[in-house]
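Please see the structure below; I have some questions.
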Amino acid sequence: MSDKKQMRIALIGTGFMGRTHSNGYRRVPNFFPELAYEPVLQVVCSRNEAKVKAFAEQWGYASYETDWRKVLQRDDVDAVDICTPNDMHAEIAIAAAEAGKMVLCEKPLARTVAEGLKMVEAIEKAGVKNTVWYNYRRIPAVMLAKQIIDSGKLGKIYHYRANFLQDWTINENLTQGGGNWRMDVDSAGSGVTGDLLAHCIDTAMWLNGSIKDVSAVTETFVKERIHEKTGKMEKVGIDDACIFHCHFENGSLGLFESSRYARGHKALYTLEINGRNASIRWDLHDLNRLEYFDHSDESIVRGWRSIHVTDGDQPYMNKWWVPGLSVGYEHSFVHQVADFLKAVETGSECHPNFRDSLETQRVCEAVIESANTRAWKDTGVETELK
Amino acid sequence: MSDKKQMRIALIGTGFMGRTHSNGYRRVPNFFPELAYEPVLQVVCSRNEAKVKAFAEQWGYASYETDWRKVLQRDDVDAVDICTPNDMHAEIAIAAAEAGKMVLCEKPLARTVAEGLKMVEAIEKAGVKNTVWYNYRRIPAVMLAKQIIDSGKLGKIYHYRANFLQDWTINENLTQGGGNWRMDVDSAGSGVTGDLLAHCIDTAMWLNGSIKDVSAVTETFVKERIHEKTGKMEKVGIDDACIFHCHFENGSLGLFESSRYARGHKALYTLEINGRNASIRWDLHDLNRLEYFDHSDESIVRGWRSIHVTDGDQPYMNKWWVPGLSVGYEHSFVHQVADFLKAVETGSECHPNFRDSLETQRVCEAVIESANTRAWKDTGVETELK
Amino acid sequence: MSDKKQMRIALIGTGFMGRTHSNGYRRVPNFFPELAYEPVLQVVCSRNEAKVKAFAEQWGYASYETDWRKVLQRDDVDAVDICTPNDMHAEIAIAAAEAGKMVLCEKPLARTVAEGLKMVEAIEKAGVKNTVWYNYRRIPAVMLAKQIIDSGKLGKIYHYRANFLQDWTINENLTQGGGNWRMDVDSAGSGVTGDLLAHCIDTAMWLNGSIKDVSAVTETFVKERIHEKTGKMEKVGIDDACIFHCHFENGSLGLFESSRYARGHKALYTLEINGRNASIRWDLHDLNRLEYFDHSDESIVRGWRSIHVTDGDQPYMNKWWVPGLSVGYEHSFVHQVADFLKAVETGSECHPNFRDSLETQRVCEAVIESANTRAWKDTGVETELK
Amino acid sequence: MSDKKQMRIALIGTGFMGRTHSNGYRRVPNFFPELAYEPVLQVVCSRNEAKVKAFAEQWGYASYETDWRKVLQRDDVDAVDICTPNDMHAEIAIAAAEAGKMVLCEKPLARTVAEGLKMVEAIEKAGVKNTVWYNYRRIPAVMLAKQIIDSGKLGKIYHYRANFLQDWTINENLTQGGGNWRMDVDSAGSGVTGDLLAHCIDTAMWLNGSIKDVSAVTETFVKERIHEKTGKMEKVGIDDACIFHCHFENGSLGLFESSRYARGHKALYTLEINGRNASIRWDLHDLNRLEYFDHSDESIVRGWRSIHVTDGDQPYMNKWWVPGLSVGYEHSFVHQVADFLKAVETGSECHPNFRDSLETQRVCEAVIESANTRAWKDTGVETELK
């Protein structure tokens, strides 16, 4: 048996994110053997008993619950991982903090800044370790981008741009609410802004500093959809698409776009940053590659480099296979688990934490407000993301 | 000797565009032998006699002038081609129209809508054949995009996006004015908006219909530069970068960006259009390729197609070589010359004409105004581009 | 606790392949919950006790051994998985078969056809379930290629080509033997032919039928290296690079190349097959993508399709995440474990089995002989790979 | 009128190559004004009078002939350009040399080494300036590759590989002979070997030195086709596909493949060279790009660079447009004309000349013989290509 310290996890929610997180917990011990802590899958919680039981069996959770409040009362739980629809984040996170549990919360932190603020206050008052699953930071190529930027190779930054394009909601018969809670504004808070752009904003402010003000436009292409709660056609409250431009604190211009109506794109999260001396590009579809242009290369052989980020000296990659062999989407969650455990071990923060993610929430909210008012909006971001 | 009808050309301006146009005229007879007209390089005009003489010799112009007013008085000229800095477009074009000459004008049509309007009025009053050199329409892959869109393959359009990124002005020592007239707001009218976005807007409105309103931001990264006229540091009046989003008449969202500070990009003009059924992408750097995604393909083998646009049944390509063999940037000008001659032959319009390009000018001006006022701006576009 | 049937695994060898297989076993229950069997990590074996103990702990093996013969004597083992250097494959596999254990053997099956033949005879005499880890077949995009080919979409095949290029041995100071057993001909049997081309040959004969004859050339760029056993400079017996062309039974021409001296390539395993109607390409570096050209597409929009193989109706992908999200290298092993367990459950074969892999061995041996004799060589392949 | 020296050209043959050469001659004066010579399109010759007359008119030839012997007798011709089917090269070239004309000969030099040898002897005896149109050398990206290799950046070379893949003969109804002379072995000498691989071999020996020996395989997929001369089904004598591997003098391994049955490829001429320190790749389909991998780049940002070869300090590119703007296939011919004129002006050789191309012929012949005898074949190459 292992003589490691145990980090006993309670997972709340068994949807897509419940799966990615569970996989993260299970794999860390095999690939990060040096960590002092190992995650223990103590309990999983969901309202549907048959489903939660099957999930517990499939993923090896020691027990299950159908009421999340009971989970918080259990003494055999160290950390609560929230994978519910967005409208439950605040209530559960605050209660978990009050119960003295560490909290890992799926993004976006909340539906609104007001909700998020309460969560941050509760977490900071309780003084519990916390993190938010903006997992894309921990794709090795994205972490390498951070490393390159921090090294100063880019020089003064002029431009940052990102988009997140999908096409899965091009279908009038798709419902809102219930299983499709992402289509329902009450459950989700917003559409692509909170679901997709929140990722882009988190990465952007981590890589390029705070966003000061935004000017946005949103669109809802299908205006009415059957709501699963009422069974009736109801107005769609979410944004199907959102575009905004903005100023960063460092003087660079930002440009962001997201849509679920961009035919041909499944998960096209791309980012690009242009500095005086060098530029970087990345695309989630080919997540092992980072493109890098260095103006200091000799001019006749200067070009965009396609870096296959699989070498041992690149972030996280000494944990996996050998040069040339790819990792996938799910590894970002494994890395976040490992970094969280390391933070617990060393007493440091695991960014993005709730405070960081509140800043991201501020930008999201300013974006929606700017779109609604057809006017520029200050974001009110207070601290730089780490 | 040829028994073709002659189209005697007077070229005004011997800069970069003077070269591309001259090459266009010279090559048409070899590749479009079926045309009734052939261009004759009658006269070239520029203020510097030594330079214009050398240019005439290099390109085979029969004569040269140093005063453009004299050119307009010549009886042996059928068409005037304006390749001067933007601040001379209106005066020359109006005088040429009044002299009964056909007019080919380099883009953008003018510095302002007011200037452009006068030009359109003069041209239409004179009833002379006219065109504006928005040459990118006539890249075979772009013309193929038009053909695909017109065929209805895309279905309802949700998104149109384009950018035009360069990096050549990342240099504080670059001057404004004189040889660098593109950096001087008085000569150029604007920076990237008129120089680069005008191309994107022309193509966009031709492919996707009129733009209704815009919300823009511009930036001038280097605030002062030596002016060649005064020899002193002067405020830079042009936009180094410009981003805007917009609504098209057809309900789709538009997104445009241009910069001369995007390190690593020389002439990255890309466009993408997403429809309900299919999407299209194109990039000037690899101008022979068109990317096409068709949702009606069988799902397991569905993907973006990289079409190498070099087959004989694709636009213009039966004029050139054999399948697989690329054409380049300059061919877009050859095609525009050929289409202009054909229009003269058949008595039809050669789009974009002055009227079309005035609409593009309206969008450019609305963009600049929106950026200056930090507010949405209606474009006032009146007619669909053809 | 699970009520699944247990498949108790004994892993022999704790190197790179020991890790990939262990990961395969651990992940199958989470992603293939429908299987009747679940792997149990019963015992791992390696000569170095400290290392094997640490490995057992990291991967969760219930016990460890340092003598593989003891492993075979244990009653609590159902299947033996051989991850040793190639020179141990035959002895262990034969003994395991005689002990009535199922056998999973890392590729290549053996160093020679003679060795492989004895292994096949032992396995078939014992009648035990067996498979060889030619894992690349089970990359989703490669399995999709198989599916497309089997559907007949390609028509008559004209060409098959594959290469496997690396650059990690461009270093005169690299030793042979010991930890670098792949550099030592006695341990490995051959160089790139058995290590890399064997993969290409397995996939090729599975996709395109048997190879009849071969004409090969090999090269050893660094002729002498320190041998870890003797500590002295010794002649290098392996092939650093190997190229061969061949005839397939179906009349198509084959072309194969492998090298560890191809600067810039880490694991460039590419394959392409050209049929009368359609063609397919794949590259391990971007393993989620399959390129497909279909001549029956309408000519003006015909092009190579870049298929991002992440949709639920593509092979294996309904087990993982959502469309657009990538899997990685390691997933091929998870799939092979799942398919092996399924084969045990249903009483079918898990290809490639020992018999299939003996045919691959024949081609490898013919390749080496052809290179040594500078003459064409018949392969003697007897049965089509499944 | 120009005060340049005149180089009066006689073009023999008005097919595809007649067009590319004519375009080359016409464009040089506009883009290479510094040259002392300018080409004059004096006479074009072809057997069909209607066709040759139309060609002369389209391209601006001053006169035409229908008998090539008459052309050689004319005093107003300085240079003879041979664009006929391959079976006429030797006779015309030898007669032209004897008539004291400079000779520009389309590739391949001849059908056989014997023919080529006579041509070289005649040319060298006459002492006339000569060149062979292996135009791909003069694609800017390929010339840049040469420059990089000559700089020593690659270090010791391990591998050279090239292929030239097309698909236009996948059609049983295609005839041989007449207009389809490339399908007829008597007219063409060979199939893909002389038509396509000859290009690859010329570039390869120019970039990487002489090829010593070869081992080849050829295939004729369609065994019989109607012959245009007889109107009957006749055996097809050409190779539809050819693959060979080889040793270069410098110790590197070579690999070449060509086919006209590679569905999906129109003109896929790719080359790659792997050195100890760096590697280079190029693809005719995207001819403005050169890919370059430099192992001396800092490891975490090392990757293949995609160089868009359009900057003024890259070969030939200061003659054309501005950075980022592409040139096409035809420019390679313009460059060869310019280099030929420069060679005449300076009294130097314009490589590849007849002597160089005889060496390429030796390799082609060895390849065919190796394929026919199923044995390695020495090439007998005597001198390094320049």
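Here the chain labels run A, B, C and D in written order, and each chain numbers its own residues starting at 1.
In this text, a contact is a pair of C-beta atoms (placed from the backbone, for glycine too) under 8 Å apart; a residue touches a chain by one contact, two chains touch by 3 or more.
Chain identities (UniProt): A, B, C, D = Gfo/Idh/MocA family oxidoreductase.
Because the structure is a prediction, the values reported are computed rather than measured.
**Q** Quick one: how many steps at least from chain A to chain D, stepping chain to touching chain?
**A** Between chain A and chain D, the shortest chain-hopping route counts 1.
**Q** B-C or B-D: which has the larger count of contacting C-beta pairs?
**A** Contact tally favours B-D.
**Q** Would you mind checking which chain's C-alpha centre is most distant from the centre of chain C?
**A** B
**Q** Centroid of chain C to centroid of chain D, CA atoms only: how many Å?
**A** Going by mean C-alpha positions, chain C sits 42 Å from chain D.
**Q** How many Å are there between the centre of chain B and the centre of chain C, using C-alpha atoms for each centre?
**A** For chain B versus chain C, the centre distance works out to 55 Å.
**Q** Calculate how many whole Å lie between the centre of chain B and the centre of chain D, each centre taken as the average of the chain's C-alpha atoms.
**A** That pair's centroid distance is 36 Å.
**Q** I need the residues of chain D touching at least two other chains; which ones are they?
**A** 304, 308, 311
**Q** Could you pull out which chain B residues touch chain C in their complex?
**A** Of all residues in chain B, those touching chain C are 144, 147-148, 153, 289-292, 294, 297, 299-308, 311, 313-314.
**Q** Can you check the complex and tell me which residues of chain D touch chain B?
**A** 2, 16, 19-20, 22-23, 26-27, 29-30, 33, 54, 57-60, 166, 168, 265-268, 284-289, 308, 310-311, 320-331
**Q** Along chain D, where are the residues that touch chain C in the complex?
**A** Answer in residue numbers: 158-159, 161, 167, 170, 215, 217, 219, 221, 241, 243-245, 247, 251, 253, 255, 257, 259, 261-264, 274-279, 293, 295, 304, 374-376.
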